[in-house]
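Two complexes, one shared chain (subunit A), two partners (subunit B, subunit C).
Moving on to the complex of A and B:
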């Protein structure tokens, strides 16, 4: 029982990342009809927003410490962050420590800008082209973006830790009556799950309860009719692209303490996120979220030693296996609607 | 109207002849006028540096390339001479190799076996490289080593740690200076038993590929010989990025030690995840929970940040060693590039010097002559103490470093501290040891 609870918890935070990326993908597909293979790169750029802010906050000037030597035997050069000079050592360290949460504020405008530039500068030229063309151009863009990041930040992962206040893990098992240490769960992963829930809820509320969202939903259902009513739906869809980019970017920012970001992290999530979108049903926002969590949990269960012992290799194929089964039994995915990607 | 005298049968014969000629790999035919593949006839000789310039190990590849460029500079008489001043052999005079200026070409392995073979083949066939060296992966090393054997050039392996490189996949034209999984296990186990006791229950997470298997086998057998019990060993996909679902069940298994047979990005992520889960703050079986990383790399330790603090592992070499060879290399490298070299840089630099020295002593670039000069060769002054290039398997035998993540690093390079220099006798094994069985060195190939 404890193992099952543990894997459900694991699946929820993994599913949070899938759901956030898949939500953005579905928003773009549902509004603009574009299959965006650069969406994983947006997740990666979001993560590097956190890295960038962390580097900005640790910008330093050099002080020579005559009492110590470096690896060549020269007096040691010690980097002193400017925030120490401005705010004092204790406050400066606290600001640096909170770089990842602060990066949320930094990433939102950056990601919206990146999304709008991407849409206006490149993707809009492919609206009327076949999906294969869209996939090729966005996949190419993803490769360009990751190579740009690698050029500036290198190929190695860059540690971007969570604030010290969130280090360690919560003994979930002890809290619900199991033995201590049986079900432990890192605080940051709990934060990540709550954050994802908040973002997903926010996007749904925005679409459901605002006039802007109502127009967008109307445009997703029947773009032509909305246009005939004199509404500039293209402009709203561009904004939605920016919002989708921001959602992916925020998912990336908050993911950095879980795994040290590297230039390839977007590609690691991209294919799985597409499977999530297809399983959820192309164009269905609730479907994307549901499938994200579902596949996250299933992936966690498939990684259990007891399961691998029975079916070796199941951990590597479970998501695709489930995708095949669902698509065979429900060709439009879990919550897909008739007519979407069927022409 | 013109008339042709070409018959169908004649056309077929000519086509078959031309086809079979074209089908013969140029590697085996192009150098027929020479005594061996790519025999240098001019005033220079070309070496081929096959390193990952793109892909996940690009930073490690860049450090290897820096080391190679430094070695070339020193071989040609430039710079301060580096380890040429401390090397026990005095055959090299700083005037190239056998009086020929040393030049180099580079290839990009991309850490993919097929890409690495293609770039090595190109350097041999198009650029006339007489020796290939480099790499950051055992899969790549084994693939390129086999190619060099077929082509008739020497392969001086870069960073490759799998037992198989000088075990079941060894080749007469291939040589490895870097240590291997067996040596890591043999060096680590006594230190672990001393630090954590002989009554431990270990849980292995192992990268699901060749290097992972040999490392798990080596560490398991060494720690079990010390009295540890292995409660579980779980394979993790090489593409895995989030290891939470593999780490979460560790405590439930009753294990009190987690051994991460991971390298590169896998190691950074699995270690980060394990620390996040607070494993190191837990007590199991009345003992503090511990994590072990059998193969450390400074570049990878940097990626894991503060998570490496206090965690044991092994390494081939470290810049903080205080022998004259290491100090000379660190001084040369640090002065030229502004930071200390990695273990990958060290092994690549040393391999280049060892190759050049062997050619100089043999008086020939012919692969079989070079191989003969390297086989059974004992040397010193290159950073690892007295070292033997064993004739039976072309593996270097030298001291191994057991290291630990430093608690209070003074710089971004000061991440590991040396806990013990394990003497070579403790990590030496018989050529027919079960962990290395199943292959044969064969005979050397001069190509041409």
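Moving on to the complex of A and C:
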């Protein structure tokens, strides 16, 4: 029982990342009808927003500290981050420590800008072209973005720690009545899961309860009619593209303490996220979220020692296996709408 | 050969000429000169040109003719390499049985995967092939280590049985792949003045296979079968309405292109007898997609051009470094020189992938027909200009 709870918990954080990326992919596909292979790159750019912010915060200038001396008696040079000058030492250290959560504020405008530029500059010209062309051009864009990041940040993973307050683990088992130390779970992963649910809930609420969201949903159902009613649907769809990019970017920002960001993390997640979208059903937002969590949990179950002993290698292939079975038996995916990309 | 039209024959002769004289064509700069680093006429790279050419020709039979975009084609290439290396381990170091087995094994795998994947089309087909390829990659990397060698890859060993050959050479080394006594790695150098041309047996073997595969591709393109595949691409629904089941045709195309990939994998293992799982990863499948699109999908010569183009730049472009750039622009004033080098630097050397990505995007956006379409546009533009010069009023104006 405790092992099962542990695996479900383990699956949730990876599932959250899948769900967030798949949600963005589905938003783009549902609104603009574009298959965006560069979505993994947006996830990666988000992660590097966190890296950038923590580098900006630790920008330092050198001062000579008269109170400390080296062994020759000369005054020591020390690096002082600019934030210390602005906010004082204690507050400055706290700000540096909280770089990753602060990066959320930094990433939202950056990602929306990246998304809008991408849509207006490139994707716009591909609405009328076949899906294969869209896949190819966004695939090319993903390579370009990845190489640009590699040029500026190098090829090695950059460790970006979570705030000290969230280091360590939470004894989940003890809290629900099991023996202590049976089910322990890092705090940051709990935060990640809560954050993901918050974002997903936010996106759904935005679409469901605002006028803007209502228009977008109407546009998803019948773009032409909404256009004929005198609503500038293109502009709203562009904004939705920005929001989808921001969702992927935030998923990346918060993922940095779990996995140190490197330039190819986007591609690694992209393939799996596409599988998630297809399993959930092309164009279905709840489907994408559901499939994301489902596949994350399944993957973590498959990596249990007991399961691997029975079917060796199952942890490596479970997601693809599930995708193949679902595509062959239920081509519309778990919750796919009728008529969306059915052949 | 008689049944080929004049155009196709010209194309075939051109390809044969280019591959057979590649050691000369790719080595235009004398040894030791500043431009010698642009010489691509060394065996290793020339072999890669032709092998990836074969791979891309095969991919084009599927994607170019039927429009089904497979994102998992490298899996068949990987399977082919494994099969060939196993043949070297168990039977003999002769490349013929190894290549035959790799084609057969790749064909069987593609039959199975194609049968399942072709039940869906469009993006679903791409995802299915991707999923299968990633599964095979993951398995080859982990559980199937006894068969595939896992992370280190499958290598030859001194104690392999090799029932028709010898386990080791008299000197106690692992024998090298060969063809009835000719070793694949043997080559001889021809020195003409300051030029050095290398003729490698392995390369010429691959080149002959390429010419044969190219001829076969021409025949497929011009056959009623090829016409049927093009009909599937342009309107599958209409084909179904006429009462025709398209599945056998697309499956045949999938298997043929899988066998081409297996052939390429077998050749790759014959040139260098080891096989690794990374050949099957989806980035490798993405590479062949890049080659085909860049050269021109659906055209005969396009994939070969694309493969040569990408492999050339991968090996030559990536060798340029900042010092060489400084040498090139040394004639400029210092400040300007540094400025230009700083601008160009991200695009060369290790950054050549960036150049490739940008180039690929440009091709998809502006030249959907790839390099071939670019060539055609230039030619028609030249012709238009010529006819304009010859006869100023070449086009007849309608009477008012």
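We adopt the following convention: the second predicted complex is superposed on the first by the 326 of 343 C-alpha atoms of A that agree within 3 Å, B and C clash if a C-alpha of one lies under 4 Å from a C-alpha of the other, contacts with A are read in each partner's own complex, and residues count from 1 in each chain.
In this section, a residue touches a chain if its C-beta (ideal position, glycine included) is under 8 Å from a C-beta of that chain, and two chains touch if they have at least 3 such contacts.
Keep in mind the model is a prediction, meaning the values are calculated, not measured.
> Considering only touches as defined above, state whether A:267 meets subunit B (first), subunit C (second), both or neither.
A:267 contacts subunit C only, not subunit B.
> Kindly classify A:35 by the partners it touches after superposition: subunit B alone (first), subunit C alone (second), both, or neither?
Touch partner of A:35: subunit C, not subunit B.
> In the overlaid three-chain picture, which partner chain does A:275 touch, first (subunit B) or second (subunit C), both, or neither?
The second partner, subunit C, only.
> Is A:235 contacted by the first partner subunit B, the second partner subunit C, both or neither?
A:235 contacts neither subunit B nor subunit C.
> Who touches more of subunit A, subunit B or subunit C?
B
> May I ask you to decide whether A:182 touches subunit B, subunit C, both, or neither, giving the answer as first, second, both or neither?
In the superposition, A:182 contacts subunit B only.
> Classify the contacts of A:72 with the two partner chains as first (subunit B alone), second (subunit C alone), both, or neither.
first
> Just checking: does A:320 make contact with subunit B only, subunit C only, both, or neither of them? Give me first, second, both or neither.
It touches subunit C, and subunit B stays clear.
> For A:135, is the partner it touches subunit B (first), subunit C (second), both, or none of the two (neither)?
second
> Subunit A residues touched by both subunit B and subunit C?
150, 316
> Where on subunit A is subunit C touching in the complex?
Going through subunit A, the ones touching subunit C are 35, 122, 125, 131-133, 135-137, 139-141, 143-144, 146-148, 150-151, 267, 271, 274-275, 278, 282, 312-313, 316-317, 320-321, 323-324, 327-328, 331, 341, 343.
> In the complex, go through subunit C and note every residue touching subunit A.
For subunit C paired with subunit A, touching residues are 67, 69, 116, 119-124, 126-128, 130-132, 134-135, 138-139, 141-144, 236, 282-283, 286, 289, 293, 346, 351, 353-354, 356-358, 360-361, 364-365, 368.
> Once bound in the complex, which stretches of subunit B touch subunit A?
Answer in residue numbers: 55-59, 232, 234-235, 237, 239, 241-242, 244-246, 248-249, 251-253, 265, 268-269, 272-273, 276-278, 281-282, 284, 299-300, 302-307, 319-320, 330-331, 334-335, 339-340, 410-411, 413-414.
> Quick check on the complex: what are the subunit A residues that touch subunit B?
2-3, 6-7, 9-11, 13-14, 68, 70-72, 76, 150, 154-159, 161, 167-169, 181-182, 184-186, 188-189, 257-260, 262, 264-265, 268, 299-300, 303-305, 308, 315-316
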